[in-house]
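After this come two complexes, each holding chain A, first together with chain B and then together with chain C.
And now, the complex of A and B:
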């Protein structure tokens, strides 16, 4: 029985949130408390299956899961040739772990954060659908299902961004997000068509064996890279990120960060696993590096001039995405160069380690911003001040997140950035120096936020504010706890979950 | 593995924390060696403003977010003006950037 659960865990990770997403509105007709219980039950069951899958991947190895059983045959004669495929490997395990931690933290936080809103049945459904969509993106083993999950994640994300529809800007942000997602999704479908038209297959494994680098392959690759960079929020495709992150509810933004990262995971699968050495990896690597550098620098400098707390943090999210692209771009650029292989691998490990670090501390920071807006009703930095007097725990959580994002030792952001600095320096010192300058600017920006929000005299407006409610503190504490854990044992995290993810990019198991 | 070289041989967060605790202990010992007769009063706590009267605690003294780094952004206004201007908030522009990026990446992948 246990063996079955392990084997079916990739499918169950998707089936559980899908089932509970549509179960919550039904239960809500009977009881609101029952609805909340079902919502959390769904999340915890999903977390159980993620743990089962991850344990198997890390102890035994990965596997491909075919819906309905059977195997995939290269010549298309197998019974399961067109069946839905999932891949349980280092990438999907790490991405699912990241999503699960963020989702549980955000769900607990939401319990209080959303209590004044109506339509919570829909919120729970959309939240679970978004999680299923993101999990589907990272677990899928074929391109068409990737497109389907991409759409599921995009539609549910857009609806959640617009959830506080009494704030007009939220609806506007969601509309923009939806338009961009639909256009990007159609381009994505076009690229799938180019590949399917040539090779008659859709799954990654078979495509990787067939792709030779034809002109159509290059067109498809271009579209895939740009669409996934848009999903990840890389400059100059980042415009929707500040709009969406700043207007989504605080708990949703924490998960939206991970949803954007799904674009990165898929991008890495496409450039390494799908195309690999079939195209000029040096050129492709440099394209990713340039996207990374632009994201880092423009993201952080745009953050410096922002006047609202969540918009500022959104630009920092773009900037941090740049580090991930830089690390993996260097890994791609040196692919096939034995003398640089070790630095390329370290750069990739740094970039991928930074993904999970970023999901934790950025989620935490967005939650602290949510608490501030929840307690004061204000978003503008100029209107805030002195909250350190009344919101001590929130201030502590903010400091943990801010120090981690700025790469201050001993926090986890420093560990992953150190790996990126050292390896990228061996490839091109200038890139490493830019990354360090961006880190300094990040620190400067968060000093500004900290001073604006938490410092200052205790006046009348401050005395009216209170500390965040306990569920919100617990949600933040979960993410802060993970940040501290990763800060104390970075070597363990790298050897346990980051190295298998890097290895998974080589070949699909 | 090289990551072990970086993270384990060169980067020890626990050692850094231990050093921090030792430094903290030294600071505490120095603090304890201070004058025990010292008593904190209002005037001892307030900053010295070249002999001017301290305005006390007031919201007006708090420097808000848009005032911090104003010199930095003003000095770099030639950089910031076009950059901020490019963020129009118009979805058509977002789509232009998307198409332009596809075109650039395609050209680079073909010819470089």
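And now, the complex of A and C:
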């Protein structure tokens, strides 16, 4: 027996959650404790393979994994022509790490959070399926395979959003999410058809070599950008995000944030790796920048008027997505212009660093919102108050998350936002100023939320609340720990995991 | 008049018409079941598109037992279509089950009545 675990890790990252997803309901027939043990075992084995893959990517370099064996040949001869490819590179490693950290945090959190719900067998299955779907989206090197994982992620996310199906609103949100995802998926399939019909290949590498930028290519690109922006929750296709995020159980929302970001990772792969200089990157870059600026501004202004905790946070998630799009859009706009290369690269590093930061602090914030709803049973901001007396740890975690999202030094949100401000300023000062104003509005909004939830005298109606149970605190502590770690060593994080991701996009000539 | 070229585009025209009918239904109908029917029509249009792409005039279909030579068209698009049909089944089933739950909670499947999330 001589199986190379490192070589096969991209496939195992998917195989393990898929296997355990369907193992948990079987084990649950014997014992519920066993089911939970199997659930966590699956997650930790997956985390092990993710770290094996990431270590190899960061020390040796990326590779393509061909299902069924064989190697990748440049000109499309040989077995890789027909087979499904997985790509282990900076992008997939970073995306898998982000997903794994928030999945483990969310799983520990949901151990207690979901306790009072029935049908937990299905919850565990769907949770693992969603993780497999998102991992598949970022790992795959094949367009059609991407569509399949896109649908796996959509179906399991929608089912998880509707998990509390005793509330009509949850089902309504899930239905909206599902209809939009399916329609988006079908457009995606059409654009795959456009590309396949012209070039007869589906994998990214071969397509990128052949693509010439015909009109049909441009139509396909437009569809792909719109579909992936919808998945990521960018304005003007953001309207499913607030419903979905606010109605999903608190533990699921933390992972849903990462699932949405999978759309961004794939968008970057499509615009940089697949198309690159075959199309006018300046125009395309500006389209992405405008989407980013709109998301930022509309997200934060809508957040200011929200009355429920989770809806407010969901609008902030839209606003933060704008920063990522802005950073990467600037990188795209200056692609191929050597004199601007240094800014473009810094902007991209900022945008991509912001993705992992956002996944951590936003997950943390949604979890604290989940705790508040779990303990008090109330969602509305003006019904809450004085929780700081009884929920000290939750308050601390909320503060860490809120300061990070507002970009207050020394938190990690500041590190990535500063990179975006600096580089975008050299590109176009106005964009940088808008980004800063949005940051201030974010801070204003979170000061209001903090004040109305935690400050003030002990409220009569919420005086019986206690601190969150230990597993929930542990789940939040994991994400808060990562936020603090990234805040202390931003330089190290950028050079270790962000730079390989930027390089994997092929920006460096 | 090149009738053959016109005939060859009929499948693609059908795809466009079907897709537009489906999209129209999704966008402008109020009944949730009709919206899901629209999605199903769009799914079939996409499947038809993939199958039409695989057609090469005068070539053999990729069925080993009945082809007259081993030179057959690439079966990739057929494989994609099969996968996409299965995915379509799963998504339609999930959507319909959501509609059952909506009917239970709201007592209606008209989109005008199903808008409690924003409040």
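By our rule, the second predicted complex is superposed on the first by the 496 of 509 C-alpha atoms of A that agree within 3 Å, B and C clash if a C-alpha of one lies under 4 Å from a C-alpha of the other, contacts with A are read in each partner's own complex, and residues count from 1 in each chain.
As a working rule, a residue touches a chain if its C-beta (ideal position, glycine included) is under 8 Å from a C-beta of that chain, and two chains touch if they have at least 3 such contacts.
Quantities reported herein were computed from a predicted structural model and do not represent experimental measurements.
Peer 1: Pick one for A:200: touches chain B only (first), chain C only (second), both, or neither.
Peer 2: Touch status of A:200: second partner only.
Peer 1: Answer with first, second, both or neither: which of chain B and chain C does A:218 touch in the superposed model?
Peer 2: first
Peer 1: Regarding the shared-chain residue A:243, is it in contact with chain B (first), chain C (second), both, or neither?
Peer 2: both
Peer 1: Mind working out whether A:342 is in touch with chain B, chain C, both or neither, as first, second, both or neither?
Peer 2: first
Peer 1: With both structures fitted on chain A, tell me whether chain B or chain C touches more of chain A's residues.
Peer 2: B
Peer 1: State whether A:183 touches chain B only (first), chain C only (second), both chains, or neither.
Peer 2: both
Peer 1: Does chain B (first) or chain C (second) touch A:497, or do both, or does neither?
Peer 2: After superposition on chain A, A:497 lies in contact with neither partner.
Peer 1: Touch test for A:478: chain B only (first), chain C only (second), both, or neither?
Peer 2: After superposition on chain A, A:478 lies in contact with neither partner.
Peer 1: Share the list of chain A residues that count as touching for chain B in one structure and for chain C in the other.
Peer 2: Touching chain B and chain C on chain A: residues 175-176, 179, 183, 243.
Peer 1: What does chain A use to touch chain B in their complex?
Peer 2: It is residues 175-176, 179-180, 183-184, 187, 215, 218-219, 221-223, 225-226, 229-230, 236-237, 239-240, 242-243, 279-280, 283-284, 287, 298, 301-302, 304-305, 307, 342-343, 345-346, 349, 380-386, 409-410, 415, 418-419, 422-423, 444, 448-449, 451-452, 455-459, 487-491, 494-495, 498-499 of chain A that touch chain B.
Peer 1: What residues of chain A sit close enough to touch chain C in their complex?
Peer 2: Chain A residues touching chain C: 82, 144, 147-148, 151, 154-155, 158-159, 162, 165, 167-169, 171-176, 178-179, 182-183, 185-186, 189-190, 192-193, 196-197, 200, 202, 243, 246-247.
Peer 1: Quick check on the complex: what are the chain C residues that touch chain A?
Peer 2: 19, 23, 26, 32, 35, 39, 42-43, 46, 49-50, 53, 74, 76-77, 80, 83-84, 87, 90-91, 94-95, 98-99, 101-102, 104-106, 114-118
Peer 1: Under the stated contact criterion, what part of chain B meets chain A in this complex?
Peer 2: So the residues of chain B in touch with chain A come to 1-4, 6-8, 11, 13-14, 16-17, 57-59, 61-66, 68-69, 72-73, 79-80, 83-84, 87, 89, 91, 93-95, 97-98, 100-102, 105-106, 108-110, 112.
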